[in-house]
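What follows is a pair of complexes built around subunit A, which joins subunit B in one and subunit C in the other.
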Partner chain A sequence: MTTITTENPVPGTREGLESGVLEAAANKRRKRTYLALLIPGILGLLVSFVFPLLYMVRMSFNEGAPDGVVIDTFTFQTYIKPLTDPYYWRVTLDTFRMGLTVGVLCLVVSYPIALFLVRSTSKYKGLLLAIAIAPLLTSAVVRTYGWMVILGTNGLVNTSLESMGLIGSPLKLTNNMTGVTIGLVEIFMPYAILAMISGFGRLSPQLEEAAGSLGASKFKVFMRVTLPLSLPGVFTAFLLVFVMAISTFITPRLLGGGSVQVLATEIYDQTTGLLNWPFAAALSVILLVLFGTIIAIYQRIVQKIGG
Partner chain B sequence: MKKSIKGKIAAAVTVSAMALALASCSGPGNAAGGDSPTSGEVSLIAYSGVWQDQYNAAVIEPFKAKYPDIKITYSSKRSSAEMLSALQGQKGKPSTDVAIMDNSVSTSGNKQGLFEKIDAAGVPNLANVADEFQNKEGFGPVVMLDAIGLVYDTATFPTPPESWNVLWDPAYAGKINVNAPPSLLGLSLTAITSKMEGEDYTKSIDKAVARLQELAPAVQTFAPNPDEYQSIITGQTVLGLGQNARGQFYSDQSNKKMGVTFPKEGTVYQINTINLVKDAPHSAAAKTFIDYALSAEAQAAFAEKLFYAPSVTNAKLPDDVKNRVVPTDGSLNIVPLDVDFLSSARDKWTDTWKRQIIK
Partner chain C sequence: MTESKLSIVDLTKKYAAGLAPAVDRLNMEVEEGHLVALLGPSGCGKTTTLRMVAGLMDPTAGSIMVDGREITQEPVNKRGMGMVFQSYALFPHMNVEQNVAFGLQMRQVPKAEQKARVAEALDMVQLGHLGKRATKALSGGQQQRIALARALVVEPTLLLLDEPLSNLDAKLRDTMRTEIRSIQQRTRATTLFVTHDQDEALDMADRIAVMNGGLIEQFGSPIDVYERPRTHFVANFIGQANFLTITVGEDVGPASAAGERNYKIEVPGLGHFGAVGASGLTGRSLPVLIRPHRLRASLQPSASVQELKGTVEQVSYTGDTLSIAVRVGDEVLQSQLHTTSGSLPHTGDTAFLSWDPEHAYILPEHAKAVAA
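Moving on to the complex of A and B:
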């Protein structure tokens, strides 16, 4: 009986009050412990993310003089150029277009693989999954160089097509947006596959079988059952790839051959080539705010359509 | 008891994290125990890649053999601009002692108060630096010179092209690499083209821009990778711009698959200076290193390794090396790119290339 009272104290009684006080104290202790455990992470974030971000925002209001001289002031001058200059509008639009194209293409090529991996009952499923994400074990720089070798004028694709007599002169597959897109799609595929697999939790073979047994064609089953249930994974994967694509630097730099100007390459040029840190910081803030807004809108839309 | 263990764990984790955070904030301090002309630790910031390898072999290793108590820490950067931004970040409490960088960038560093003046009392070999390569205000002198050249595929061009105009030859369309500004190569091509078109590039580059717009569609890449030399060696391109020193080096490395030449219309110097960082933590040992870098022995050794022309008058080069480094005796047609002018033009010309030439 005592045990019952202790475990389930009756509110209003002495035992109940004591138990409530004890529980409150325990909760307080628990909260303190959680807070203490959070401190290392928060400190790490402060040092590695929040402070640099604040520094960058402050830097964007300084003035950049030639040769890396930063004039400590508070001006909106650095924002006027990118916001009023058509060149920077074009660069921003190209960045957005690149993110969108890479995101969509990545979904198209990764979706069947992710679906296959989720559905597979093979004893080698683990191995297949490992193979699908194995490219992540290699640096994106190395993979980009790999694509340069494959897509170059003397690369595998061009020499193969030439030897088959399909083309007379090499196709221009690198040093342009085509090359950058091909490289980025391949580089981000493992991320898309992983994101989709983790978002395919609602997929159920029983539902598909039920739809099939009720007379739906395979195409209809896919369009009405499989695809809608897999949308959360699709949306997450697209968002992940889009975010990585718009901020990526290495692949546009290496496969773009100086002809592909996106915000990340522009920021790099301003930071390391022209040493105009305030202007580079302003471009970074624009990238952050603009695409942060786009991502927020995207998530709202996704929530509305029940993704 | 349970509470106290939890509390202790949490406190220990917190303290460790704070210690780590503080350690990461503190940055590199004066790690070496002391600093004297014959002992200490010199932190050098200079170029990466093949430059670093050859400088290590020709200068740093022999220096370490001569001064065993001085340790050299090499911090490599891809460009002088990157070195400058690293030094700007250290201003006031530097961890770097010596910087070897492009003249145009070090001049800006001098103006920003990043470097110390040096004299022959601390660096005796400064007296051997040719007058024209001394810094008039007493800052770090020129340590080596190079110039922009035309790099070419020797199978396509059995004899070196004589004119920059070969870049516009339709026969080589799509097989040309040009590093766009802010690279010095692109800035140099702008000045050279402007001069070829008969205009004064310090006033206008309109004619050069029109001519470079004609060239742009024939350019395969405006940012060759891994670099302008490998682009030729691997057969991606057959013509391009490069530096003479590295061009000569890679010509040997590729068994003469690639060549480098100075066309008749002239070229632009690429000059490196050696600089003592202001308030350098190991100033005394750093001066010993600078002195060694300006010695005839070190200058000749590096010329033999990477074909940079010495800036000192007493360096003796073997004939086969002498013929391959950039001439500094006035025999080469030089298109002058004044440091102060370049400082104001770099931004504008880079913008012009992006908007009107590359497009």
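Moving on to the complex of A and C:
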């Protein structure tokens, strides 16, 4: 609480009424408090994000020599290779395609669950929600290994299909993009569900009833009312999953078994395998700029649509 | 009797086995063009009934017929009714025109006709100038009107209103009451109207169905349910009521209302008075209803009229009227006086209560235990 000292104009006196001195003083104090409260956060961001980011950008203009030696210089050499070599174009494109596929599939499988959870009036609603996001309690590494067991040549899926006589030889579900996609979709589902639930605020059973009473069939109600009103959640969820998918490393690495190359795995190889830090830094900057732009465009479009 | 627009036969809704039904074998006939109020306290089953008629809820048993055609099994979107929800339920992602046009689009009405009918409907609710507005930019009263226009533009077989006025402030509620009533009369839309507000029901409805515990206690015109309530509950729910348990005495001839008789009645221990009631009540012990504004209170005893003598316990002044509570023996009776009357009573005064026999109505049955 603030107290009024005798030096300050007293409410009701001429000065106090005329210029709103009291409000101005209070505003100033409030502003200072806000700034003070921001300091820890800003410091944390500076140390853990802004400084490393600037350091990485600077690093990308250095030159990498064999055996991890970094030659301090200023060159665009590191950028020329990824921008001209078709291999890196393909990796970038694969990364983009993976983000898109995982995002879309994740939405498709998560949407009904999120919708169900939002609408449920069951007394177990809380429990159901907890179950839906429970996979977050285990790490992505563990879940990726789980998928390797399930999708492998002698895994659950292949042996079941074979014993039912549906396939002659095992499907190739690991060590390729299919496996990575399946794994990522499952791993990101809890995030997608949470993001959608938080964006489904405008949905209401009464609006659907109103549409029904005006003659809309169940399908029309969904297309004209439920879906449009749930778009904000859908857009948020897609963005979240897309961003996580293009930057994820563990699942493409483990389920991809070395044959799936995306920007994240490429950066990892450059840093830990080839010890070419400037080149890894350049790839990181490309990832950042390219996908930052894509996301900015996406946000623009979403706002236009009115999500 | 004319052919009913809506017939409800033995309509029953049980939410769960073991629970008392929310609606219990309800029967009702609604005439074409009538506005019928479903009136009752919360939990009486009025909204459940409306939702079953709309097709938003499946009945457990019974049937609903519109124009003589059974529609109980028809899905909501095939019923062709117009519904106005308590919270209006306007689509937030559509503007006013798009909201109103929705039902026409679903019926695949040609574009040009859609446009004309939407404009006409918006003019009817006097909001023709707001067509391009977003619905969230509208006030409560405007949203209410849009909801009404959206329901009426499709020329519904029935117009269903679920407490449409309860979210409006008092002043606006009065205006909308008049407006809904006049629009309903102009369009001659047969209307079911759910409300818990007795004034609303009395003011707007052609017929009132007073509901309690999943049953209709009485179905009749506003004057019927107010003047000639069938049960204690109805008398009490519609307007204020004084009850005295009396013994019905001698039948002293026909009363002014058809079929009714004048009786002498005895208020045990307090004297003999007059009242009206159905024929054949002599000898029974029954409650008599006297509305507070028809119970005269004066500070001087009258020489010519039989009176109840009591003490004023409470006085409440509301400007136009003065309400007093008078203790007579074990009973406390409410009386309402116009503040124009000469000397106003004060707490502690002795008051003399009297009434005209035609203003005391003997209820045909005893208060029964109120169903859960």
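Observations
We adopt the following convention: the second predicted complex is superposed on the first by the 289 of 307 C-alpha atoms of A that agree within 3 Å, B and C clash if a C-alpha of one lies under 4 Å from a C-alpha of the other, contacts with A are read in each partner's own complex, and residues count from 1 in each chain.
Throughout what follows, contacts are C-beta pairs under 8 Å (C-beta built on N, C-alpha and C of every residue); 3 or more make two chains touch, one makes a residue touch a chain.
Being a predicted model, the structure only gives us computed values, none of them experimental.
Partners subunit B and subunit C fit side by side in the overlay (superposition on subunit A). Contact with subunit B, but none with subunit C, is seen for A:259 once the two complexes are overlaid on the shared chain.
With both structures placed on the common chain, the touch criterion links A:168 to neither subunit B nor subunit C. By the touch criterion stated above, A:220 is placed in contact with subunit C alone, subunit B being left untouched. After superposing the two complexes on chain A, the angle subtended at the C-alpha centre of subunit A by the centres of subunit B and subunit C comes to 150 degrees, rounded to the nearest 10.
Between subunit B and subunit C the least C-alpha distance in the superposed model amounts to 40 Å.
Overlap of the subunit B and subunit C interfaces on subunit A: none, as no residue is touched by both. Remark: subunit A residues 29, 32-33, 36-37, 39-40, 43-44, 46-47, 66-70, 87, 145, 148, 152-154, 172, 174-175, 253-254, 256-259, 261, 269, 271-277 touch subunit B in the complex. Per the touch definition, subunit B reaches subunit A in the complex via residues 3, 6-7, 10-11, 13-14, 16-18, 21, 24-25, 78-79, 81-82, 84-85, 88, 104-105, 108, 111-112, 174-175, 179-180, 182-183, 220-226, 234-236, 343-344, 346-347, 350, 354-355, 358. The touching residues of subunit A, counted against subunit C in their complex, run 202, 204, 206-207, 209-218, 220-221, 224-225, 228-229, 306.
Against subunit A, the residues of subunit C that register as touching in their complex are 54-56, 75-83, 85, 87, 89-93, 102-103, 106-107, 150-151, 154, 160.
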